[in-house]
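Listed after this line are the structures, all set down as structure tokens.
In the two complexes that follow, chain A is the common piece, with chain B as its partner first and chain C second.
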Partner chain A sequence: MAKGRGVGETRPLFSFSRTGLGRLFQDPALLLVVCVVFALVGLFVIYPLARVFLASFVHRGTFSARYFLYFLEGRPYLVRPFVNSLTVGALVALLGTGVGFVFAYAVTRTDIPGKGVFRWIATFPIISPPFLLALSAVLLLGENGLITRWLFTRFGLRWSIYGLPGLVLTETLAYFPLAFLTLEGVLGGIDPALEESAMDLGASKLRTFFRVTLPLATPGLAASFLLLFIRSLEDFGNPVVLQGRFPVLTVQAYLAITGMYNLPLGATLAILLLVPTVAAFALLQFWVGRRSYVTVTGRPSSAGLRSTEPSVKWPLFGVVILLSGIILLFYGMVVYGAFTELWGVNHAFTLENFRYVFSTGATYLVNTLKLAGIATPVGGILGIVIAYLVTRKKFPGRRLLDFLSMLNFAVPGIIVGMGYVFAFNTPPLQITGTALIIVLVFIFQRMPVAIRDGVAMLQQIDPVIDDASADLGAGFFRTFRRVTLPLAAPALIAGMAYMFSACVTSISAVIMVVSAKWQLVTVALLHEVDNADLSQAAAYGVVIILVVLGVILLMDSLVRRVLGRGRHAR
Partner chain B sequence: MRKSFLLLLVLGVGLAGWGAAGVLHMYTALDVDEAKIYIEAFQAKYPDIKVEWVRLSAGEVLARLRAEAANPQASLWLGGPSDTFIVAKMEGLLAPYKESLGWQYLPGKFKDPDGYWVGIYTGFIAFASNRDYLAANGLEPPTSWSDLLRPEFCGKLSMAFPYTSGTGYTRLATLVFLLGEEEALALEKKIAGCIHHYTKAGSAPVTEVGLGEVAVGIAFSHDVIAKGISKGYPVVLSFPKEGTGYEVGAMALIAGGPEPELAKIFYDWMLSAEAQSLFKKWFRVPLNPEAELAEGLITADMVNLVDYDALWAAENRDRLVELWQVETGY
Partner chain C sequence: MPAELVLQKLLKVFRGRGKPVVAVDHLDLEVAKGELVTLLGPSGCGKTTTLRLVGGFEFPDGGEVYLSGQRITHLPPQRRPTATVFQSYALFPHMSVFENVAFGLKVRRVSRAEIRTRVRDVLALVGLGGMEDRPPSKLSGGQQQRVALARVLVIRPEVLLFDEPLSNLDAKLRVETREHIRRIQRELGLTSIYVTHDQAEAMAISDRVVVMNQGRIQQVGTPQDVYLRPENAFVADFIGRANFLDAQIVGKTSEETEVELRGGARLRVAGTFDFALGEAVKLVVRPEAVDLVAPEVGELRGEIVLAQVTGALAHYRIALASGETMEVEVLGALEKGVLSLGTPVGLRLHPKTLHLLRG
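For the complex of A and B:
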């Protein structure tokens, strides 16, 4: 993909250049594909969003901006969630970026031992369902949690994890990995020679850090701040468990729809949520373009690093150990909780909770795997096709397609789900309550990641190969199928593994569209938490993590085999 | 290879045949663990009918029926206070079933006169307190609505949102019947200042009290006994002496539901003495006079009840909820 195709650029979205149109008509297959993709994106990304906007302005059949006026009037049930969400978002963005930076710095710029382990720990929260952290926060730090109880009996200390502190803590732990991955790429890309020259010129370590390393990392810091701000604002799983007396937008919007079916209220809360997230997304695009956060695959080189001074190295090592310990403790609690009889009262060992998950929860688990299994290949291929179109092909509306297809990256899941309920509840497209609506939500909510991965991957493949195929007379389909796909296979598989686990662990969008026939395992987990059946919820959590780990390991070995075969062929 | 293909084919046909025997889709506002008691007993009696069900709070069921009105996904709604059913009836979301003998036998105050819903149990709003917390602080369990505001309890209360939960709305309406609208909302506002958090499900506060997450919760008395006391949690049950509210827990057929015939089978069975005797496992008060009662059951003559007008409560639901939101900011 071309560099810097950010929002700030002045090139028009539509370019009816003669060559573009001409090429499109020369290749009818390409024309067909472009039309189909536009239709899909229009129907399943734009239309549902438009319905949310519409719903916020319609009250009992007439146009009315009622709840927006209430918001401006300062009614607390609208203003409080808005202020609260922004507060949590800013704090999580700040703290998460800080933690991510410490980890990234330790892994890329120092020679502390155990980097591999730290790297693994720092990425683990990405593949686990984020709300598991909220669950373990209750187990550990709830009013009757293990640590709370110990501190109380020992020191008479009391605190409440519900509300702002709990949200900031759990969301920081859940989302700092994104900052870590972004900054790892950025810091890893800084040539150590720059720092060394600064020091050779007489700058102290500290001065070098503040005058060389930090300024070079600033775009990365800004990107990760915005990224975490977006993620925190759209988080649903943690606040629905931990918000306490501190209502946030996602949860209130969800309650307005599923608790009252008050469409204008829910839609208005959704718009209040959408404005800051999309603004942050636009800023992100404008500031750093798309490249800087395409770093999940970033592989920093640590060659040429000078050995770090012990006075820096060991304190840093200590901090990283401490943070890793906290993460492990949180996930360990879920495992421990899953094997206890009745959390908070009887901590005797039992397998009963797993029996429960595999009997009562079996249908939910099977549903989840089935639907994620359908959505993953479809979404993966569609993502690659779109990535291919926007990076390799010239056609009118290319930049528009690029922007629209990435839109759901910034649109909070709860709004995506809400839009699907509004859009597909009446004929001709009446699919609420079916498996199809869940699959579609999976596909179009996760597609931006697939596109992003696809773009990153296509950049590794020389376009000359495509041109050669075209010159030899192959059309769009043939080139895509015989040239691009095989070359892209390993990355595609890895991308699909990520997409599959993202589907299995997702909650915010699908919670709006699950039904009596199609209930998912994450939603079942949340119901258990709702009912304060923490041991059973923990057992669900353990099973979800195992499934995700299993899939990732499976895909990993598959990638290795594909790569091995490729090398063989050569 | 061919053999395994054949096997798959046989399996596929078998599964399809099994599916055709009948699947009943149901929404229930009963606790998950409780709903399982009745649904499993039903399936044992009618092995050909498979019940697929989702637990939602009563307000959520109503919201779901509104959302699915053009395309109903379930046929039966089991459990939840009758006020929510009355709202659903007024909005045309329920189907009448006067032919059911169970409906015909039931006294008029426990059923919809037009057959749109039928009562299956009654329950009373109660306080659940954590025994250890009371003991550690030398407190008595609350016996008055105003006790909730005592400094020892303030900040340690848990109860349900009146818009998602039938229990929550019954609490709000009870206070209105007891104190009048203005004073009731003023009290709810003060309670909101003392709340630890609001829950989506009506019975959730009981477990939270049991776990010590909060000191006092408000829920229906059967939920306090079934989910708290009988499970071994240190939970104490008490009632407000000024008077408390009650529900007639109901059941209804959903208008346009996909399996009306199967739903009627469940409906009739649920009204039988056999089914309602199962209520004793959850300490509910059954409405079928021939059903067996649980030991230690709380019945209507043991508590001071307000004059609860479910019809008024239903007609004023949306308005009261909006007022409550404005007052409390939740």
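For the complex of A and C:
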């Protein structure tokens, strides 16, 4: 035995070549890429955020935490939005997770008919601009809404969709699909044999559900709750239309900056918003992320689905039908509204709204497509490069880069946009009012999704393939270009299509940086809602949906072609 | 012959969550030019980590790696003249056989014409002529393995590294392929390190075997050495199987050592050992180095307590009169007839295969 021989015995006190940095200098290409990526993330993710923090502590040129003190004193214009946002967030998270679970359970654990249709309908709110639901809520339930007017003329009932009910309704519909997708994966991963053996051992169906299925799905439920909580807090498009007299943080922060030019107030509201979202994100990453005891077998079994008792199956079927019906109704209402003269007054069929969108709105549409078209490939490639660095390479600061580059996933868009305004409105980097700032917002707000997709994709490729390439003499760039990228191509195309859609439908961050010269179609839609031109807003909405659908279909056929041509299955 | 590859006090510690794991613990090894050295040990013994340190896929926490006198400890893989055949082959799935093999040459900016001839030659060498345009997915496991070999041979590396290259092949193909690898390695005179956990493979293919356990070298020697003269119980038991019987040194001559076992039986062991008279030692007995005879004529006596026949071999467990048990393997069981449980037997040990270890 080597008794008393220390682990570091032969280790010199300090050796440059032993440090990670020294090693990095052995691979100059990698060093270069790491430096560039750090610089980009520092300048376009960290610096703007820092400026928001800074702005919240500066009042008329001197350091002051006055708005934080006001918040602690309980001034309503700070406390109410905070409490309101958390209330909506908690309700949406709860309801959305519940609805998502019912959907997921029905699709994975029963043999109801029409699963494919339900799955398709449930993913609809994910790819469409989220505030479209707010628009249809107004069309149906607003002052001039179809249902509102019917209730009034028939029963003399008056009510308002604005405020808490409207926010909870639209956000639940908008975000429950995320819960559905999360829980579908979790429930689908639970081996039905576990449930069967519980029943085999004498447990009733109900007992099996509560003692086996539900506990196994708990991490998934927690994850989905946190995810929806974050999404609801971050939401801008729905509350800007529907908040009424129920102010929430995103909209108040936006109004403080653009309406009152009160930067410290806006920044303080932003920080109040940032704290709960980042906390929820941290919980999601570090707590839920580690506690998943899903028994994934890799082959989702369809056993155990053969027979579902009618007493379970049909009520579930009813709920799912009802929810799908509501979603279809909401989106159908947008289409109907788009072909209507003047909503609430004259419901005659017309194409006038589309004529308007394609004449007056044409520049906005072209702007959006052009800027999203520039941002997507840049962001997609950058995302893959970062994913590659953090999953495959060893260098000092790797975990830091991983964390920082994912930060904007948790940072609400309104804060990202605010940071860009603060950071880039003075030389040397004065780019407010330009197309560049919009492109940069697109890239760095959507990059976390590109990185996550990239990481997921790289996990499908054996890292030894990279080792082999380096072993044969290929450096960083060649390995990335000749080996990683070709293998990643299908996932990259899909990822870019979704990034493009996300840019086209994006509102919360870009609304801070658009200008008269560079106006985008989503912002134009919002202005129409503001002006109560609901039919024209609906026409914009239909066009946006068609663009997104078109892009996704195009991507689908492209991926098929790439897969079909010369790519050899492993 | 001067050492081509020198590993000096190599140390690798993996620090994850929980306790740091010392994967390679101050490992010293020299490999001569043209020599094939096997790293042999159970899984987790540090053999693959050692190989990855030589290949440049991991960097050590201490110690150095020298190749032809040059320190290469911290060079990344693309700047080392080493080449690896991976366990999973790591063929590029989006490239044909030709493109896979040509990859390393393209990196080196070899001319097109030369690439074509060199790839053709090496594919012929490994017996894959005519397969140039196939995708790896259309090849059998054995063929994929040979593409992986061709891919590293074609760049004429100074050191060839094999990371359990045969573990994905079936038993029969393994034997064929290891002969193939050994023949090519000898013909080209390639300095090689070969990692395996299969002791038969190590014995068959190596110039020298390095037995490893828990990050440390247990013994280095020729295959015969480590089999006949294991330096400790781990090596004795890992290379083949072994029985360990308590014994005491009772006599020494210039050629033989005499020991007394429990129960008083005395035996002569070929060779001299560095033990004092009266010292307690372990007698190492290979299961196949025992003849079963009639109880009266055996050196030891016992009774069969377990009998299993696996084809040509009969495997017995024998409870000795001394209270110890021994595993014994007998060839040609079927013609000799299988002994039934409870049969009293005598054991006669082959003196030349016996070995002594410190007790």
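Throughout what follows, the second predicted complex is superposed on the first by the 525 of 570 C-alpha atoms of A that agree within 3 Å, B and C clash if a C-alpha of one lies under 4 Å from a C-alpha of the other, contacts with A are read in each partner's own complex, and residues count from 1 in each chain.
Methods note: contacts are C-beta pairs under 8 Å (C-beta built on N, C-alpha and C of every residue); 3 or more make two chains touch, one makes a residue touch a chain.
From a predicted model like this one, the values you see are computed outputs, not experimental measurements.
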For A:468, decide between first (touching chain B), second (touching chain C), both and neither. second
So, does A:247 touch the first partner chain B, the second partner chain C, both, or neither? first
Touching A:144, do we find chain B (first), chain C (second), both, or neither? first
Can A:487 be said to touch chain B (first), chain C (second), both, or neither? second
Residue contacts on chain A - larger count, chain B or chain C: B
Considering only touches as defined above, state whether A:533 meets chain B (first), chain C (second), both or neither. first
Which of the two partners, first being chain B and second being chain C, lies in contact with A:460: first, second, both, or neither? neither
When the two structures are overlaid on chain A, which partner does A:204 contact: first (chain B), second (chain C), both, or neither? neither
What residues of chain B sit close enough to touch chain A in their complex? 25-27, 31-32, 36, 52-57, 59-60, 62-64, 66-68, 70-71, 73-74, 161, 163-164, 195-197, 199-201, 203-204, 207-208, 210-214, 231-234, 321, 325-326, 328-330
Show which residues of chain A lie in contact with chain B when the two form their complex. 75-77, 80, 138, 142-144, 160, 162, 243-245, 247, 255, 257-261, 342-346, 360, 363, 421, 425-427, 430, 432-433, 514-517, 519, 527-528, 530-534
Partner chain C, residues of chain A touching it in the complex: 2, 5, 7-11, 17-18, 22-23, 26-27, 462, 464-465, 467-475, 478, 482-483, 486-487, 566-570
Given the complex, residues on chain C that touch chain A span 9, 11, 13, 20, 22, 25-26, 55-57, 59, 61-63, 73-79, 82-84, 86-88, 90-94, 103-104, 107-108, 135-138, 151-152, 155, 216
